[in-house]
Structure formats: C-alpha cells, structure tokens
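Take a look at the structures below.
Paired with chain B in one complex and with chain C in the other, chain A is shared by the two complexes that follow.
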Partner chain A sequence: MISEIKKYCRELLDSKKVDAIIGVSEEEGQWMPFLFTESSQLDKLFVDKKYPLMTTSKPMKENILSYIQRKHPGMKLAIVARGCDERAIFELVKRGQVKLENLEIIGYACDRRQAETCTCPTPHPTKNLKFGEKAEGVKEHKLAAEFDKMSLEEKSRFWHKQFSKCIKCYGCRNACPVCFCKTCLMEAHFYTQPGELPVEYPTFHFVQRYHHAAQCIECGECELACPMDIPLRLMSQPLLRQTKELYDYVPGMDPEQECPLFTIKQERAEEASDELF
Partner chain B sequence: MSDKGFEPRIVAFLCNWCSYTGADLAGTSRLKYPANVRTIRVMCSGRIDPLFIISALQKGADGVLIGGCHIGDCHYQKGNYSARRRAAITETMLESLGIDPRRFRLEWVSASEGPKYAEVITDFTRQIKELGPNPLKKGAAK
Partner chain C sequence: MNYSNVPSICPYCGCGCSFFLQVLDGELVGILPNKSQEISKGQLCIKGWHANDFITHKERLAKPLVRKNGELVESTWDEALSIIASKLKEHAPDSVATLSSAKVSNEENYLMQKFTRLVLRTNNVDHCARLCHASTVVGLNKSFGSGAMTNSIPELENCKCMFVIGSNTTEQHPMIAHYMMMAKEKGAKLILADPRSIPWSHFSDIHMRQRPGTDVALLNGMMNVIISEGIEDKKFIEERTEDYDALKEMVGKYPPDQVEKITGIPKEQIIEAARMYAKSEVAAIFYSMGITQHTTGVDNVVSCANLAMITGNIGKVGAGVNALRGQNNVQGSCDCGALPNVYSGYQAVTDEANRKKFEDAWHTTGLPANPGLTVTEILGSAAKGGIKALYIMGENPMVSDPDIKHVKESLEKLDFLAVQDIFLTETARLAHVVLPAVTFAEKDGTYTTTDRRVQLARKAIEPIGESKPDWEIISLLAKKMGSNEFNYGSPADIMDEMARITPIYGGISYDRLKVNGLQWPCPTKEHPGTPILHKEKFSRGKGKFWAIEFKEPAELPDAEYPFILTTGRTIFHYHTGTMSRRVDILNKEVPTGYLEINPADAARLGISEGSKVVVSTRRGEIEIDAKVTERVKEGVVFVPFHFAECAANMLTNTAIDPQAKIPEFKACACKVVKANSGSCCQ
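So, the complex of A and B:
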C-alpha cells in the first residue's frame, strides 16, 4: 500500500496539481509531521503506525493544517489521512477551523488489527478512501459490556475510583484533534485552581466529555494519552449513542451535516426563514 | 442526616423573561410552595451549560431545575430549543456518571403561570425528598 501511496503522491507533486503534501515522515526511527514539497522527499513518507496528525498543538493553539492554511492562503495542499484524520478534518471544517477548498484528502484504510488497537468503529475514511480495503470496525469499548450492566451506584463508585487517579496532566485535552478552543474551560479557575491536586470530581473531568458529546470522532487519542489509564471513552460513548438515537448524527461523517447541538433548523423550518440562523 | 428530616436543596435556573416572572407571580399571588428552592436568574434557559448542572450537584445541590419559556416563546427566538437539546444530553450524562437523572428537570413555565410554578416546585421537592440526599455531595458516603 505504501508504494502505491508514494507513487500517487509523486504524481501529484510532479504534475504540480498540489504545492505540498502533509504527511508523516520517518527519519532514524523518529516520526514527525512533514510538509512534502518535492517528490524526492517522498521516500521518507510513513503510514504504518498511527500518528496524531491533526492534533492541535497547544502552545500554538493550532493544528498543522490550519496553520499552513492561515500562513499560506491559496496554497494547494494534500493530506495523507487515516479515517480518524479525515473525521477530524470534517469536524474542524464545521467549526470553521480548516477549509476544504484547495485541499485533497488522500485517504487510506487501516486493517482490522489496527482497528482493534484503537477500538475504532470506522477504521477507514468515509468520503475519500483511495487506498486499502475497508475493514470492519470495533463498535464497543472493551469495558462497555461490563459498564452497561452496572447500577447507578456502582457507576458512581466506578468513576470515583477511576478519576481519583487523575493527575491533571491535560493529556486527554492536548491529544484531542477536535479540541481547539483558545480559552479552555478546563483551565478555568472556577472548576480548578492551578497546582491543586486531586481535582474535585466530576465537573473538571466532564468538561471535555460534554463538549464532545456531538463532536467526538472516536479516534482514541485521549485514552492513549492518559498516563493513568482512565477509560475516558467509556464516558463519551453513551453520549454519542444518544446523539445518534435522537438526532441521527454521527460526528465526522459528512462536512455538510450540521451539529445538532448548534442548529435548530429542522425544528423551526416552518416557522422562520433560514436567514435567522 | 436521616431521610425523615431531610430538606433538599434545589437550585433553580430561571429564565428572566418567563419563569422568573412566573415565580414572581406565584409570590405576588401568595401561592404556597416549599422553600427548598434557591433561584438563580439567567437571561435565557439557553445560557445553561450542562456543566452548571454538574457543578451545582457537585457543590451540594440535591436537585437542579431549569425553567424556560414555552417552545416558540423564547425572547431570543431559539434559546429554549438549545436548552431542550442539551437537556436530553444532560440526562444521559448524569446517568453515565451514576447520578439519578431524576435529579434534573427541565420545565416550561411562562410569565402568567404562577400556579404552575408552585406546582412544579412542590412536585420536584417531593421527588427529591424521595430520592434522598445527593451522593455526590461532599461528606456523603461514597
């Protein structure tokens, strides 16, 4: 698969269809995001392991794609993306962070083994699949069956125990590709004071979970980043299920589809003109 | 504290234009309702972030009530629609946290519905009394 992707990228760069390609490069065993501008650099392109390409770097408060699009408007870009990267791009498009114009998504599918490692429900790009075969995703969190059976009291005890481990490293937030707010509520002094540990359960821990109720793309970065192994996605999955049941909305599937918590278009369709919204 | 003498503390976020005026009307009409409710006036029910609810519960409330205008009557046209959508998510959220979702309630009370406001408060207080103290409260048995 890698040779096909490289060949395709080389054609794109040589024919000047795109000015640059965003991807992951491997050099001496180190992976890093890389902007490929010449076809000779493409030997370093790397796709075997998951790399959080769309993650927003917190000092910059911007991700690579939006940074390049802001610095070089009009630059024709392509991005080598996995399913989760594509979903992140779509969610960021809806929130005005990145633009789909002048952007080509070169999507490739992950195999079943990779899907199992990430517990990924859709291990392939939905709109831009170019390379690889669609593999079946893993729908449920590994603890989900156990968690669903718990009574309210047991759930409460479970989360108390889990979150008592939290060391407030902000890893879950920093790793999240769809977290982009410049002012973060998790830093608000109303919920937590700097240097104070442990953090009072549960508001602080729930800020991100709630904000992503209709935004979480289930890439699993938060759980991978958590040094204390808190099953964070176990908390967001019921919310995502609820959004799917109520509003038939799955985040990251379609850049045109609007987030149900933002829009009330459907409900007011007869009463008001669209200009209001 | 034994459940018998338990007086719940209820935080009510009331919208300025309908529910707060409704509560005012209940007062001026001298209607009787339990004194367990602590009112917070907000400009619109759409202002209520679910985090306020969790935060209130964390800081010692036994129940949280949101009062807004009836659907279609919002002063800001769409605030209560947002509130309604968030309320659905909030209930799931509370449940997955292990808090009884009945501790949270969203009600539409208009400015002319003083009696309804009294009724809602009476009913909600009774329900919270049945549920007992909030387990999230500090010092409560975990």
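So, the complex of A and C:
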C-alpha cells in the first residue's frame, strides 16, 4: 500500500496539483509529522505507526493544518490521512477551525491489527478512502467487559484509584486533535484547586469528556498521552453511545452533518472567559 | 513556507524526555511529544508540554550588559568580553573561580572546565550538582566505583519491589514515576520512606514517616532485621563484595526498637519493610535529594548501597540503586568534568598521568594539580576575600544556595562578577557584566539523563537578539585571553575532542546518537552502551561495605526554634523558577510559595489556611502563606524552594557534608509565628 500512496503523492507534487502534503515521515527509528514539498522527500513517507496529524501543535491551541491555512491561505494542500485523521478534520471543519477548500484528503485504511491496537471502531476514512481495504472495527474498550460487571461502588473505587494517579499534565487535552478552545474549562478554578496533587476528583477529568460527548472521534490519543495510563476512553464511550442513541450522531462521519450538541457559540465562550478564570 | 519538527530534549528534569520543537517559517509554534523515544513514548508532564513558552519570553536577555555608574546598561560583545578577560587576568589563578551549569550541554560543560583549567589555571570549577547529588557522586563511587544511577528508566516496569526513600518521584521525575506506576499496576510492592505525605503515599504498601535526617538509622535498622532473620543474599555477599563483617557488626547495634526511638517509625513497619524488600525477587531503591541533601549525605547514599548489596540487588534488570538526578544535564555536567577534583570522565586532577593526558590533549604543561574549591567553599572564600573574581554560567545561587543572605554578602564582596544566562536572574542583577546566552532550542548539544543516556538536541530557531550559545561565548572569551585551543566549528567537534580523552564517552559521537541515545560507559565506536552497571563485577572490582553509624542533623529543634524545616519542589515549577515562573499555566497552578504546617501545630499557633506567617531560622526569615495540611507531621514544616520572594533558602543551613560538601537543605531548626497584619516581607 505504501508504494502506491507514495506514487500517488509523487504525481500530486510533480504535477503541482498540490503545493505540499502533510504526512508522517520516518528516519532512523524516529517518526514525526512532516510537510512534504518535494517528491524526493517521499521516500521517508511512513504509514506503519500512528502520529495523529491533527494533534495541536501548541497546548493553547492550534493544529498545524490550521496554522498553515491561516498563514498561507492560497496554498493547495493534501494530507495522508487515517480514518481518525479524517474524522478530526471533519469535526474541526464544523467548528470553523480548518477548511476543506484547497485540501485533498488522501485516505487509507488501517488493518485489523492496528484497529485492535487503537480500539478503533472505524479504522478507515468514511468519505475519502483511496488506499487499502476496510477492516472490521473494534467497538469496546479493553477494560469495558470487566468494568461493566462492577457494582456501582466498585466503579466508584475504580475511578477514584485511577484519578488519584493523575499528575495534571493536561496531556489528555493537549494531545486531543479536536480540542481547540483558547480558554479551557479544565483550568477553571471553580472545578479544582490549582496546584494540588492528586487533582480533586472528579470534575477535572469529566469536563473534557462531557464537552466531547458529540465531538470525540475515538482516536485514543488522550489515553496514549497519559503518563499514568488512566483509561480515559472508558469514560467517553458511554457518552458517545448516548449521543448515538438519542441523536443518531457519530462524530467525524460527515462534514455536512450538524452536531446536535452545539451549545455555545465560540465567540460567546471567549467573552465569558474572564469571569471563569 | 517551511515547517519542521526538530528533535529536542526537555530542559527541565533528568528524565530526558524527547520532544519535537515545531517550527513554522522560522517561528517556534509549539511542542509535540516524541512517540518514538522510549522514555517519553509521546507522554510529557505539564512542564514538558510548555517547554517552549519561556524561549521567546519578552524578558529574554538580548544584549550584553555592563555595569556603569552602578547600573547595568546595554553594551557590545566586544566591550563585555574585554572587561571579563581583563578582570579575570587581574587576579592570581586561585583567587578566580567559575560556576558551570547543569542546564547547558555536555560540550559546554566540558569547555567551561577546560577554560578554567587551561586558561585561568585553576581547578576552581564547580556547579549545582554540589547542591543536589554530590553525595551520590562520592557515595556510590565509594561503594560501587561509579557514582551514577545503576539501572535504566524503561526497565523499571519490571521491578517487583520499589523502595522509595527521599524521592517524590511523581512530582520530580514524572516519567520515571510512569514506569514505576506500570510496575505497581503489575503487582510490584511499593515501600515509601518520606517524612511528608506525597503522591506515592496513596499507592504505597508501607509508608514510613521518619523524622527528617534519620535515614541512616532507618537503613541500618532494616539491615539489622534482614541479617538477624537470615534473609540476606549470602552468595552475592560472598562472591561480589568485601568488608561485610564490619557492616554486620555495626548494624547489630540498630535493632528495630532502638531505630523506632531515633526515627519515630513504628518498629513493626521497619520489620515489615525489611522483609518485603529482602524477600522480593528483584528490588530497586529509588532516592533523590531526601537522601543526599544532608550533612550525612554520603552516609545516607552508602547505606542505600549497603542495603542493595546485602540483598544482592545490583546488576539485575529492575533492581539497583537508582539515584534520580535532578537537572536535565546534571549527570552530564558531572561527567564532563565541571567538578573541582576531576577532569571529564571522573579522571582525578591529582593523578599525574591524568594531568599529562590532558596537558597533551590541550597542548600545554603545568595544569594545576590541587583540587579546586566547591560551590559552597567558593562562596565561603569570597566572603573572606579569598575568591575575588567569579564567572557564573547558567546558575542562580541567589535562590538555589543555602543562606541567601550570606550568598548575597559573598557575591557583593567580590571584586568582579560575570553572569551568563538567558534571563536577568536574581544573581545576574548583582553582576558587573551580564552575557546573554541562548536556550536549548537555539543550539545543538548533547544532554545526559539520570540513566546515563547521552542524547542529542538540535537547533530549532535562530538565537534571540544578540544572544549566543554558551560554547561560542566561552570560546570567544578564551580567544580574547590569548588561547588557541578553542577553535571549534560546531558542538560535534567538541564532543569528538572530549571522547578522545574520556573513556566512558569514548565511543560517543553525534553520528551515533539516534532517538534513544547511548548510555555510558560507551568506550568504543562499536560499543552499544551500558543500560545496567555492575552486572558481572562492580566498577571498582568488588562492592565495598562501609559500616556507617547514625549521626544527627547539624541543627536540631530547640525551645527557640522548635520546628524542623524541610524543603523541596512541586511538579509545577522547576528549581529557581528562572524558566518555569515565566510560563503562564505554571504560574496559574502555583503562583508563589507556601508553608505546609500540620493542623495541630497550626491550631496551637492560631494559624489558619492562607494566614501570613513569618518563618525564621538563625540565618534569616521569610513571610509566606500557610497551607494547613496533614501532609506534614506535627513538628515538621515544609517550604518549596522555587520562589525568590519567599525563598526557602533564606532559612536553610550552610552546614555541609564533610566529604561531598553538600549543604543540609533538608533539615534545620525554625520558628513559625503568625505575621502581624499589615507587616510586609523584607
């Protein structure tokens, strides 16, 4: 598959159909997001391991696609995208963070092994699949079966222990490809006493989950970024199930489909921010 | 249009997490964790995620400053360097000293000690390792023959039992805590010895809360239990160690009931901890400044080594004595010879053959043969008029050193002080000349983690203003002073020179440093590096037991100063705050210092949460907010040391360990009173 993707990308760059391609490069065991501007660079293009391209470049808070589109508005871009990358782009499009104009999504499917590694329910792009065969997704978190059997009290103890590990790095938020608010409720002092470890239980951890009940694209980057291995998606999944049942909405499937839980305009959130922090 | 991710190393702690500096059209736009490096694996603590924030801060020094009519005013590089060159030449070699830095690269530390020894002709070069792990360098060297962490970070998930003594790992070394937490989730036991309640307390199987400064007694007590119950590793002791009988006889004097009286720890806990540690298949000790920063720092370290050796926990995966080094390059600054008694690679200056080797390499003769002064001695000597000129690179003794009033007096007594830093620090404000240096993001360089891993960080952006990399500044100054031995095209050249004369770094060169670096000893170009020390034999041959008796801290509470003051850090800031206090999110979490005091003590003194209190010792006093908490026991108070406006080190004791010369930051006697309303901080 990789050689076909490279061939396709080479043609795009050589024919000047696009100015640059966002993808992952690999060199001497180190892989990272990369902006391919010359076809000779495409030897380094890499799809074996995940590096979410829409991860924000800075904790507060803009991803590299958005940066480039803002700084170089006329630029024709392509992005070599997994299913989760495409879903992130669609959710950000709905919220005015990135644009689909002048952007070609070169989608490829992940195999079943990768889907299992990521517990990914939809391991392929839904609108722009160009390379690879669709594999079956994985619906349930690896701890879900065990968790569902617990009594309410056991569940409470389970989360208490998990959250006691938290070192307040904000990595779950920083690594999230669909998080972009300039002011973030996780930093609001009325939820948690600042500067304290362990972090007060449990709003700090829940607020992002609630906010993303109709926004989470299940890429798993929050869990991967957590230095204490807190199973954060185990909290998100019931919320996402509810959103599906109540509104028949799955985030990231279609850029045209409006999110049922838009509750506040971004501009108003900005206005309110001074009172909150 | 240019976008790149430049591989770099976090400039905060000794874990050495790699991340990418994201650069768009020459502008630093953010940080991305590095998923390919085995320490970080794409995870960072809050400081790492924001390690770019201070780089472009508006207060960065952009021009050299020279003091004229009492004021620091902007100047040129030529004028600033000419002044430093002439002032350093004015005094006899041993009246001059330099402080190197655990924040700059290996190459720059190597150059600073070369400059001091070759150009200034003195061994008076030291740095803040003196204040954190000098006891480790001396102590583990005495016991094992190598003064560094014995094992590696990624293997820690295989621990079966972790004994954490004097390390708040979760806050101070978050990614090491990550691996330890993985071990815990897999069923490892966790024994904690710490006077305070810390994040580990929630997960420990046993938490022993000793009276500060009684660690030797506790460790001897645990060994007493292990030996008297016959659960020591007789084979290991027999085959791999020496001088066991003296140790055995000495620890005989520390039965658990006796140790309970000294430490305040119930004897049942001591017995249980000793059994748990000794009976585990592999058990690791983790320590940091709770062990080292005492007048008995070396004794504490050696006692940890004794405990590991009597149970055979050296040279195995997931075991060892894991001294967790603080700064991002404090291991490297020691390795590269920024110490008064050794050249790079711990080669003693007193050894004639070593001197000859360095004289040949540096094309000179007559390098000074006597060990120079340590940080603590340099300041002491300056106060008495001994040291007259001091050149400081990337250190801030006005916050980091004990008894700041005395530090200030010493620095003000100097005939000349030059400071090279990225911001106008509390120390730089006292200088005659201030040189603007660059941060890690504006230069190439290698940094060595606490697990002896030499890693390469690449230049991501151009220097801010007229600032220059430290290696260039030192080279320019050396040339100004007439030396021909500082002609380097790049930091890689400096590493090549150092590798030729430094056996433990012998095989290290820039082209070999991939994403996970190389762990020393790495003596040859083919050598793969050494994740675990002392595997078949100790660096010194046999592991040596030292029989160490318990000694009290230098200053004990009394009627006038009834509390024990202990100091430390929080996860949200770093050391003197030069970097972390210029990061918004960190200031939002913790804006200033505080005094932790037990509710019972607070009630007796009429202190409530947030009350202003005055804390005083025989050295000085500070006004600070009280935090009433069970985290400290009655009779003990705690102050984090990052905050200049209520600096813990106004209070701390300059009493030092006789061998390592490390000050006793972790225990002194203090008084706490409620501040009068309206009074203000001095």
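Heads up, the rule we're going with is that the second predicted complex is superposed on the first by the 258 of 277 C-alpha atoms of A that agree within 3 Å, B and C clash if a C-alpha of one lies under 4 Å from a C-alpha of the other, contacts with A are read in each partner's own complex, and residues count from 1 in each chain.
Keep in mind that, in the parts below, a contact is a pair of C-beta atoms (placed from the backbone, for glycine too) under 8 Å apart; a residue touches a chain by one contact, two chains touch by 3 or more.
Worth saying up front: this structure is predicted, and the values here are computed from it rather than measured.
In the superposition on chain A, A:Tyr210 contacts chain B only, with no contact to chain C. Contact with neither chain B nor chain C is seen for A:Ile2 once the two complexes are overlaid on the shared chain.
When the two complexes are overlaid on their common chain A, residue A:Leu143 makes contact with neither chain B nor chain C. Of the two partner chains, neither chain B nor chain C is touched by A:Cys181.
By the document's definition of touching, of the two partners only chain C reaches A:His72; chain B does not. With both structures placed on the common chain, the touch criterion links A:Tyr170 to chain C but leaves chain B unconnected.
Judged by the document's definition of touching, chain A residues 277 lie at the interface with chain B and also at the interface with chain C.
Chain B meets chain A in the complex at residues 50-51, 54-55, 58, 72, 77-78, 81-82, 85-86, 88-89, 92-93, 95-100, 135-136, 142. Residue ranges of chain C in contact with chain A, taken from their complex: 1-5, 7, 20, 22, 24-25, 29-37, 42-46, 48-50, 52, 170-171, 174-175, 177-178, 181-182, 185, 199, 202-203, 514-516, 570-572, 585, 588-590.
Across the interface of their complex, chain B is touched by residues 150, 152-160, 185, 190-191, 200-203, 206-207, 209-210, 213-214, 235, 238-239, 241-243, 246-247, 260-261, 264, 267-268, 271-272, 276-277 of chain A. By the touch rule above, chain A contacts chain C in their complex via residues 19-20, 28-35, 37, 49-51, 55-60, 62, 64, 67-68, 71-72, 75, 164-165, 167-171, 174-175, 187, 194-195, 197-198, 224-229, 277.
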